[in-house]
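There are two complexes below, and they share chain A, which is joined by chain B in the first and by chain C in the second.
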Partner chain A sequence: MIGIGIAKGLVQTARNLLGTYTDKDRLPTIEYPEERQALTEATRQFPFLVHDGDDPAKGLRCVACQICEKECPPKCIYIVKSRDKRVDYKGQMQFYPATFDIDYSVCMSCQICVEVCPFESIKMDTEFEFSTADRFRGLLFDKHRLAKSDAHYHRIHPTDAAESDAVMAAERAKAEAKAKADAEAKAKAAAAKLAPTPAASPEAQMEAPKPGSDTPTMPM
Partner chain B sequence: MASLDQIFVALKDWLVAFVPVALQPLAGALLSIVAIMAVFPGIFALTTVVERKLLARFQNRPGPNRVGIPLTKIRLAGFGQFAADGIKSLTKEDIVPRNADRIVHFVAPFVLVAPAFLSLSVVPVGRNMAALDFRETGLLFFFAVGAATELSVFMAGWSSRNKYSLLGAMRGIAQMLSYELPLILSSLVVVMMAGTLSLATIAERQSGVQWGVVHSWHVFTPWGFAGFLIFLTAACAESNRTPFDLPEAESELVAGYFTEYSGFKFALFFLGEYLGMFAISGVAITLFLGGWNAPFTFLDWVPSWMWFFGKLVGFILFFIWLRATLPRLRVDQLMDLAWKFMLPMSLVNLVVAGVWHLAASWPHLLRWPLCVAILALPYWLLSRGFQTRFKTRTYRFAEESRPAPATAAAGP
Partner chain C sequence: MNRPTPESFVVRPRVDHEGTELEGDMLEVSMGPQHPSTHGVFRMDVVLDGETVVKLKPVFGYLHRNHEKIAEGTSYLGSMPYTDRLDYFCSLTNNWAYALAVERLAGLQVPERAEYIRVITAELTRLQNHVGLCGFLLQDMGALGTPLMWAFRQREKVLDLFESLTGARMMCNYMRFGGCRCDLPAGWLEQARTVVADFPAFLREFETLLSGNEILMARTQGVGRLSPELAVAGSVTGPMLRASGVDYDVRKVDRYGIYDRFEFRVPLGDHGDVYDRYMIRVLEMHESLAILRQALKGIPGGPVIDPKAKLRGFRPKPGESYGRIEGPKGELGFYLVSDGGPNPYRYRIRPPSFINLTLLEDMCLGRSIADAVIILGSVDIVLGEVDR
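Let's look at the complex of A and B:
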């Protein structure tokens, strides 16, 4: 009969209305500025640069290889390579970014820069409250604002940070093994040079500085 | 308590006495106008907030709860929202389409608001508290003025030069004309039984006592109850409230006939619609729910105007509840409901009222079942017709494109 369905519906909506005052499940809204939801570990917002140690200027993992700059779909990364080199975590001489800017107003949070980085140096942050009155300078982040410590990375994404550490430890072990092998080869060559033929020396001299300047190639 | 009941009447008399005798009728009229212009838009302002908050709650949201007193931390649970909305609509740009009929476009919102105020003026909001008490034509005046809103709807839709506006206006006209008939026929029952068109007299007639403590509201009779339900449904349609909001269906017609209105004119349309709802609720209260009468004799000490406004608030809340519950009807369903269900039922109700009147001397045990039976039988027959028409829907194309179950899984 006409009306029974309407009555049923009215009862249903009334239960919903009254339930919002008693049942937490019926009013799931979190009123944001005052209340906050705990972020999940998978949260990713904008990229930041990881640095080891306490000094962001010295400890940046970035070697200014510019892969992320080339891969970035909206082209929001701007990098200027340094003229000099410095020692990285493996003890090798590397460039470092003289300028590293990310325009957060252009960034689309796609995480491709993180995917392509071979140095575990650019990662996604969970920070999202960047509202500013200056829409040009206010959202253009330079390397000082982008640099955040490894401890911060461990705090926001512990699983990923542990993986990064494992990768870096493996790289370091490889580099050390190679250095050791090179040193042994060098010692052997020196011993050989010392004994019978001094003519073999130019080859050994070419070989010697190589491990220091060896920049890892792009993983393709 | 009698003084509190008549406090506004006494106040008006006291104020009018300051004016020379020749001007006293004019001053009295002006005071009534001011009262109506202050009270009902005030209720409208609060209703907009309450409606938004309640609808939000119905949908498991908290609703507007931020706007309070500016420059302070006081939030008033969001009840400052109507002031913000009002200021916004007042300061917004008033856009008129280039091809619109400018004069008609300008006049339409006022043509909607003026009849709404006029129809509020005949509603008795308390004992001796009707601004315009037409002893012979009160209800007739209400329906005549109420019909003018249809003109405004079509003026707005036609002058906007917009297909959505025109479609909304067409729908509005069709709906309002269709539902005017059950509306008037269901209220005609009350006129038959009360023997008067004066709304104040109809309200007074319901102050009798039956069953010991209960006031003899018309809704406590078979014809009154049926008439009340028909009137309520038709009132919903007349005021374009949600199961019948086809003229301004947001999902189909942007905003219907006031698509091309912005700023204060839009706010006027909004105001007009709500005032129309208050007026028709007020008439429903007067005709069926005892007007300003208390439900029980032991509650008679509460002032009459409090009863009226209490019932009005009840009506507003019920309309909000309906809006949160029912989906919008389709145009053909709307017409079917009006012409194939409500019109026959209101005609049957006229017969029931006649039987009730003729059987006045019969014992209650005979009179009640007879009248209920006369109503229930066509109700059952008519709704059976609807049920056969609106069977469980089959989604033909969706069903056909679905892969055949079980047979595919049985394969290798």
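Let's look at the complex of A and C:
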């Protein structure tokens, strides 16, 4: 009979309408600015730079290796390497970014910079409310605005942050072991200097990992 | 320019009820690119005789982003997030097709767990694409609000799964060459099982609401018929081809990934009209759910990425490869030529929405302009993929 399908549909609609009063599952919307959805741990919005310690200027993990700048698909990262070096968390001399800009208006939140970074220094933030009246400067973030503490990273991505810590601890242990071995080799070489056959210089092996190279030492 | 001019039309003499000949002018209407029923920035140059479509020319390119050329200048990995933006409804299947092509080029082996994750995410993608399409199709027919909102309510649950897995609801960027970017988070499988278990109830509800609805049947049955011969000749793929009754599903034909391990049927249509295309999608959702139930039961542990896979400095050896999968819209293929460098020498996409769209005129001729809208809706296009 014509109309039965329509009547069935209307019954279904009525059941849904009444269901909204009893079933919470039928009311999926939330009142956004007042009420917020809990973000999942994997949520990614825009990248930020992690710094250790309290001073963002000194504690940036970034060594200006420019891998993320090269790999970024929309090319929204701009880095200028420093002229001098400073001591990083492993106790090695490293460059640091003199300039590190990310244009958030170009960034497409793909997380590739995070994946390729061998130094655990660039991570994804969960902040998304960046609306601004200044369309050029307002979304161009320099390193002072990008720097956020390790504690912030631990708060938004606890699992990832723990993994990063483990990787960095392993690297530090490796660097310390290497430094120790180098010191021993140096002592041995000094002892061997007294002998007529000179040993190979151990300094050549002490070189810090070359920033900017395609084969960084740290595994992902 | 090949624009239709009034002189080029054959004006058929028409008679009114008394037998007197009437004369009328054709009317050229430019539908789009801002028309709400064109699913994006798509334009149809329609020539109308009264309300009947006499000629229809699809015009596209408004969303052209030069994706293929950009990919030739970007590293292999750098193109992965761009594939999300092709068909932004189904970013995970786009990722898979591209990853498949690169894996064939570089000879990477995908671990078993990653294959299962790929099947699960691809079938979830199919669910949310089809459910979205059914909602939009009914929106095109004038059922404003209810069906689309119901469809989206269910789609959001799948998108929540994607968000907790990949970090983004639509631009997932999840698959990598040789596996997946990260393992499933804790509790994700249970969450997915709940969504899969709740889905049939929604489908029943949706079908009670619509499938037997007389207005829907009157609007769609017999409209926009596509014969199997024409569909094959036009290399139409996906649900549109199967609605015309041609048994062709890349999941069955190619058995890429681990699809040979799952039991599922390929629904086929009889008439090739808009109603069949709508029903095929509903039936495919049932089959996707069957695949999902098997995959969620059988997913093994283990690594999710080939240990040989390299993120930085990835240079596959020279050669060419073609990876194709059954996307929710049809056969999605990526053709790659490598010269051994860090970026592909040639990068070409076989976009299902674009190729399915080429037969739009054949389906619309002789129908009214209102039918043209739902025929376009039933083709299921996403302009991000059509224009690339």
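Annotations for the structure displayed:
The rule we apply is simple: the second predicted complex is superposed on the first by the 191 of 220 C-alpha atoms of A that agree within 3 Å, B and C clash if a C-alpha of one lies under 4 Å from a C-alpha of the other, contacts with A are read in each partner's own complex, and residues count from 1 in each chain.
Here is the rule we go by: a residue touches a chain if its C-beta (ideal position, glycine included) is under 8 Å from a C-beta of that chain, and two chains touch if they have at least 3 such contacts.
Note that the structure is predicted; figures quoted are calculated from it, not measured.
Placing chain B and chain C on a common chain A by superposition gives a clash between them. Of the two partner chains, chain C is the only one touched by A:112; chain B is not. Note on chain A: of its two partners chain C and chain B, the one contacting more of its residues is C. In the overlay built on the shared chain, the residue A:9 is in contact with chain B and with chain C.
Once chain A of one complex is fitted onto chain A of the other, the partner contacts of A:190 are absent, as it touches neither chain B nor chain C. Judged by the touch definition given at the top, the superposed model places A:71 against chain C, while chain B stays out of reach. In the overlay built on the shared chain, the residue A:44 is in contact with chain C alone; chain B does not reach it. Contacts of A:20 after superposition on the shared chain: chain B is touched, whereas chain C is not. In the superposed model, A:28 lies in contact with both chain B and chain C.
Shared contact residues on chain A (touching chain B in one structure, chain C in the other): 2-3, 6, 9, 12-13, 16, 28. On chain A, the positions that touch chain B within their shared complex are 1-3, 6, 9-10, 12-14, 16-17, 20-21, 26-29, 31.
On chain A, the positions that touch chain C within their shared complex are 2-6, 8-9, 12-13, 16, 28, 40-44, 67, 71-73, 108-112, 115-116, 118, 124, 159, 214-216, 220.
On the side of chain B, the complex with chain A involves touching residues 54, 57-62, 321-322, 324-326, 341, 379-380, 382-384, 386-387.
Contact residues of chain C toward chain A in the complex are 74-75, 77-82, 84-85, 146, 150, 153, 156, 163-168, 171, 173, 181-182, 185, 205, 208-217, 311-313.
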